[in-house]
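What follows is a single structure, written as structure tokens, with notes after it.
Should a chain be cited, it is by its letter among A, B, C, D, E and F, assigned in written order, with residues numbered from 1 in that chain.
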Amino acid sequence: MLKPLAKAGILVEALPYIKKFSGKTVVIKYGGNAMVNAALKEAVIIDVILMKYVGIHPVLVHGGGPEINTMLERLGIKASFVQGLRVTDAQTMEIVEMVLAGKVNKEIVALIQRFGGRAVGLCGKDGGLITAKKRLEPTDIGFVGDIVRIDPALVRALVEQGYIPVIAPVGAGENGEAYNINADTVAGELAAALAADKLVLLTDVAGILRDQQDPDSLISSLRIGEAPALIEQGVIKGGMIPKVRCCVEALTGGVGTTHIIDGRIGHSLLLEVFTDKGIGTMVVQ
Amino acid sequence: MLKPLAKAGILVEALPYIKKFSGKTVVIKYGGNAMVNAALKEAVIIDVILMKYVGIHPVLVHGGGPEINTMLERLGIKASFVQGLRVTDAQTMEIVEMVLAGKVNKEIVALIQRFGGRAVGLCGKDGGLITAKKRLEPTDIGFVGDIVRIDPALVRALVEQGYIPVIAPVGAGENGEAYNINADTVAGELAAALAADKLVLLTDVAGILRDQQDPDSLISSLRIGEAPALIEQGVIKGGMIPKVRCCVEALTGGVGTTHIIDGRIGHSLLLEVFTDKGIGTMVVQ
Amino acid sequence: MLKPLAKAGILVEALPYIKKFSGKTVVIKYGGNAMVNAALKEAVIIDVILMKYVGIHPVLVHGGGPEINTMLERLGIKASFVQGLRVTDAQTMEIVEMVLAGKVNKEIVALIQRFGGRAVGLCGKDGGLITAKKRLEPTDIGFVGDIVRIDPALVRALVEQGYIPVIAPVGAGENGEAYNINADTVAGELAAALAADKLVLLTDVAGILRDQQDPDSLISSLRIGEAPALIEQGVIKGGMIPKVRCCVEALTGGVGTTHIIDGRIGHSLLLEVFTDKGIGTMVVQ
Amino acid sequence: MLKPLAKAGILVEALPYIKKFSGKTVVIKYGGNAMVNAALKEAVIIDVILMKYVGIHPVLVHGGGPEINTMLERLGIKASFVQGLRVTDAQTMEIVEMVLAGKVNKEIVALIQRFGGRAVGLCGKDGGLITAKKRLEPTDIGFVGDIVRIDPALVRALVEQGYIPVIAPVGAGENGEAYNINADTVAGELAAALAADKLVLLTDVAGILRDQQDPDSLISSLRIGEAPALIEQGVIKGGMIPKVRCCVEALTGGVGTTHIIDGRIGHSLLLEVFTDKGIGTMVVQ
Amino acid sequence: MLKPLAKAGILVEALPYIKKFSGKTVVIKYGGNAMVNAALKEAVIIDVILMKYVGIHPVLVHGGGPEINTMLERLGIKASFVQGLRVTDAQTMEIVEMVLAGKVNKEIVALIQRFGGRAVGLCGKDGGLITAKKRLEPTDIGFVGDIVRIDPALVRALVEQGYIPVIAPVGAGENGEAYNINADTVAGELAAALAADKLVLLTDVAGILRDQQDPDSLISSLRIGEAPALIEQGVIKGGMIPKVRCCVEALTGGVGTTHIIDGRIGHSLLLEVFTDKGIGTMVVQ
Amino acid sequence: MLKPLAKAGILVEALPYIKKFSGKTVVIKYGGNAMVNAALKEAVIIDVILMKYVGIHPVLVHGGGPEINTMLERLGIKASFVQGLRVTDAQTMEIVEMVLAGKVNKEIVALIQRFGGRAVGLCGKDGGLITAKKRLEPTDIGFVGDIVRIDPALVRALVEQGYIPVIAPVGAGENGEAYNINADTVAGELAAALAADKLVLLTDVAGILRDQQDPDSLISSLRIGEAPALIEQGVIKGGMIPKVRCCVEALTGGVGTTHIIDGRIGHSLLLEVFTDKGIGTMVVQ
């Protein structure tokens, strides 16, 4: 049991953040373990609803997780490769879109509604949210898209009406055809288009560790100017590199701060936003 | 080539309807041939966009057409029957939801966007739009649902922001599980919940014919009090009976007028709404 | 009887114009045959009311037609001339004002009201609408005025309240004395002051014909840069020259497009505004 | 020269009335000497403008004075009589309307504009202001009308936009034909329709005198219950009887107070409204 | 150091209260130790400012503490007694008002401003906030007043503009004379007049203890129906009785909940409002 | 008894000023005889309330008059001097603040409320109104302050809500400590911060006289460029010099006009504001 003064201390610490972020938009890339483990899933949903309670405007962008592969297997659609890259042909894309926009997306929406929030599931076709075009570099691998333009009007309208937008990373080409887009990229560019205050990437790591073996070596705050040196030194490496790049681009696009946090810790969203120290790595300009 | 006076006559006839219906909501059940034939599909989309242009607020509810069956077949999911009724078990429902909310719905949205309209695709889970429960009469046939409650707030908000809502007939149970619901029923109850001015059912017949063999025997306008006698006489029969019931319930729920029109005729929506004579059967209180 | 598709075609053509011109102001110079022939008069009034119905804001400026002459004759006031110009002395002006502002103006107002529109009759004295000064070139011919300043505030206020302003072309001098002003000029300068979208001059000719003998030689659209050459060639001549000048000045003053149309054709206003081809000559920048 | 304290006393007396009547509507029947004498005319116009300055909303209804007769004479239109009543036939009515709505009305408007106010001249046809029907009692004497309905929407809209409405007592029949209506009656019914705070009748007498020979016998305030006895006693008699009746009907219709004041005294409007004692006879419920 | 999950738990507990009380008014009677001890004083001020940060509207009513007595002593004004009651004569009242409204009140205001809040100091004379009359029961003891009427308009206006009202318990008699009023009473009646959500009395005890010797016997929540029995049993006694009465009257007057809390514990306001268990005794209907 | 025309003349003179100053702010320095003599006090209060009645926004800044000295004497606090300047030490300042903010201020508020106005008493601590710092020139004489910054937000908010702000000239230092500030200076700088239309200094002289012996030599209007010469000539001298400087600084700061008027004449405020000639000396740019 916590002592009154300890409790009071946390409140005295948290309340100014509530004032500070009230009315601000926070774009959250939701993926990894936090989408698989039932308890973590629930904690994320509760965090998002509580943020909305205190006047913050969370916007969720989700990935597709293992569910796309399961469905492709069930249908006997085999992966094909060109120059070592996995190809998303038309029949694959049909399944990707259905699973992302018709299954994963609507499950998250139903969960938020069940816990008392109000959510609306969207994909990039809705309201012209994401216009995309085929990626041709390094080669044509089918319906994998790059973002051409984000139109945030629909997301803004829903946010102002009290809804939590939940977005599947599918974009629309100029003839209305669907493209599969990287969810981190969608989250980053959407945050920029919304002039969001924060972009939070929920990952399966603790943040950026100076020494991978030492959990106490977490870098709490990183200026974007420091990133190149850390990449060169190998401190930032592998899958963390595109995450950091995503943060840098969001910051350049006008987002206030970006955060790479550990989705494996319950309520990591609340802890990152409402405590002085936070829980992951904040990347700032 | 039309003569100026003939052209002017049509405008003089149509413009008062534009004033009359400006700011009013029209719920359209979109299904049948008009969803299959490419030219008809385009004509419906154009009609809906033009209605929005002149200040009317169309709301689309669509069915699933043959695409659900195709996908079930591809997955080798076989239909099972209880007491002669087709069963929607959990794995069937998963596919029904994905196809309706993730494929058919988003295709319509993309088409409206491509022709210059602004659309948002929803299912009954979004914003708590449709709360459903399992239908247990005459027997439990799985995830087939009845509507418990419609919350039209999200649809209203989108309409006011200039969007055309496109709705897949999937409802959410109390634990967030999905239910398959009849699209005509969704359209009718949504029209009532929105206090819509009109409910329009796009069908594959000309309307109600007094004599099935004589296309000139179309009943242009029917009072609900006349329906029972016509059913008894066999003038209204078969699949037309539930359509007429749907109209009667919508009217009882406060909808202004209801219309059963021929989706096989191009632009039948415009002709029904903007001409004195209309093109199908209008059912009124 | 028109076929459904033909009807639908006209609607598909007209509805985008309704969207395009909704909320826009159209200043109409109303004169000539369309003010004399009862059926044409009614068609103009209906057109104006229908435009208001669909969200366009028509503003009428009328001439005085033969009624001024009739009244002057009844009073035995004879026309006098200075250097071949007709003189409007004080007693003539008194009659001109009474007939324009107290008879013709109020008759149009009453007609609009009777057909279901809401109109308000004004002259240039009302709300300081038209400040005028005596024209002294080429010589003093009495109370014939040039416009010094238009104050469109009253017209704007009435338009926003849903009224159709009907304006007699009488201006007020600095001591409140009345001046007779050319109605085309009032319409053109008022259109500029209102930043109107359109100026429409109802005339007794088909528009500008390339060959006066050939009604099929109508020039549908004319850029103002082309006008001088056409005047030089004699294609534009006589009474058409000041009409074209009026259009040019309105366009220079910020009006969107200007139209010289045939008031002898019923509903020519609707046809010009709501069809692709129009019915007269559109003069644009 | 007034002493400072005397000046201050008048201000201390007047300012609370300004607060009291701010935002209130005052309908003024303007006629008689005050419309003929140039100095009085100017004083009335200044009073009306000053009332508007301090937040009161004056609305003027004017009579036609001798100008109608002058014009009828010039045209050689002779008065005809039926059962001793003067007949207003069609050609007379044409002149009555022109003079009232096209001459007298616009002259008052021009005068207000010249002194810095903003005025709009109306007749009963404008905006459906006065719907009238032919008076058939005691016999048909032509285009003399009774009021069927007042629609005060246009007057309200103009008042709210800062204009002073100036109204000619002409009503519109159901086919748009004009009727001549008594100006006191128009003022009284308009005051009721506007739920005006005050109705002021400018007359050529001092108000109601208990003894016609004694100007000090002015009745400053009269309850409507006292009127019948005073009529019986002959204190109220002749032309004063319809004036008092007009006041009684306005009060019954919801007007706050009514005033019969002496238009022959300069600035009688200001003195009646802004001083404790007033200058004429106030009739109250 | 708290563990992340423990921290998160407190946030998950507190945030719904922030939503619940956002936009609600909380009237706080500020007195006792919390006004004397510098650290406690600061904690109260911080709590009040943080409440305002997260959208709650605190209103402070303060007592005078020992400062009145100090000043009376410095001036050599001796206490006099009538029937054992201390008398507040005119010269005493003059000092009471000066100290309350001119010293204690403005010191609290200055402290809130210094810590970043925005405060306005008022007494009952300002904006007609508290109308009072002399208390004559059991005998006349001078300028001790009872509340006749609270006009909360000024407090509401300040709250809506973002200010924290700080109120000295001085009322105004009908001739503008000052009366000294019990601060608990002012807080209670003001809470009722504001339809406040909460009334919080900061006291120098832990709340209502079932057993005075056992701090663990605190009654966390009390229904007003239970109070009489507890008074009879001596559980509620002495100075606690008027506090409970004050709560009962506030609840009867429409206040949501009332709270008697321990002002000797730092941040007791935050703990009472934002934690499930609270820290004192909540009295509810 | 005044004649009607004389009365009307005053109204015709005053009403345009009411329009001109409606919605404008007038800052009044209230001090001297007008704060001591009961009849004059009442006249000032009535003037201020009447100004508010007709839409002007008066703001009062008051001095402390003899009441501070009386209280200091009662407490036996002796005046001390440094270099001939009177010292305001901490215990003196405590009394100054209590008397100004807790006694004089609240008495004026109570008087305005009693006469039907709505007033709120403030000092410079409230809402951060006046930030001050110690005056160190020519030497440290204690808590005498200079203005660092005026934040007029609170005064503006109260004015817009219909209150008359009454302000004691006490400022707050950076640690919340109180400073005594010259009331003329507060009035002048507040007028500038509010972009007031007028600053009026109520004094005990007639205004600026060209010849002190001749009351008819009053300078009605003075341009600030003329002031230096008049000071050199000795026409402006003694206590009038800082008053004129205060006016000059207010004018430089953006105030419309400034007025030095005779507070010994009843209703001098009304006479200065609402008559052509005024009663004192107007200083303008």
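What we mean here is this: contacts are C-beta pairs under 8 Å (C-beta built on N, C-alpha and C of every residue); 3 or more make two chains touch, one makes a residue touch a chain.
Here the structure is a predicted model, which means the values were calculated and not measured.
Engineer: Give me the set of chains touching chain A intersected with the set touching chain F.
Structural biologist: E
Engineer: If you take the mean of the Cα atoms for each chain, which one ends up farthest from chain D?
Structural biologist: Computed centres place A farthest from chain D.
Engineer: Taking the mean of the C-alpha atoms as each chain's centre, how many Å separate chain D from chain E?
Structural biologist: 61
Engineer: Using Cα averages as centroids, what's the distance between chain E and chain F in whole Å?
Structural biologist: 36
Engineer: Counting only residues that touch at least two other chains, what does the list for chain C look like?
Structural biologist: In chain C, nothing touches at least two other chains.
Engineer: What is the order of the chains around the ring when you begin with chain E and head toward chain F?
Structural biologist: In ring order, starting at chain E and going to chain F first, we get E, F, D, C, B, A.
Engineer: Which residues of chain E touch chain A in the complex?
Structural biologist: By the definition above, chain E touches chain A via 2, 4-8, 10-12, 14-16, 18-19, 22, 46, 50, 53-55, 265-268, 270-271, 274-275, 279.
Engineer: Can you list the residues on chain D that touch chain C in the complex?
Structural biologist: It comes out as residues 74-75, 94, 97-103, 105-107, 109-111, 113-114, 118-123, 125-128, 153-154, 157-158, 161, 163, 170, 172, 175-178.
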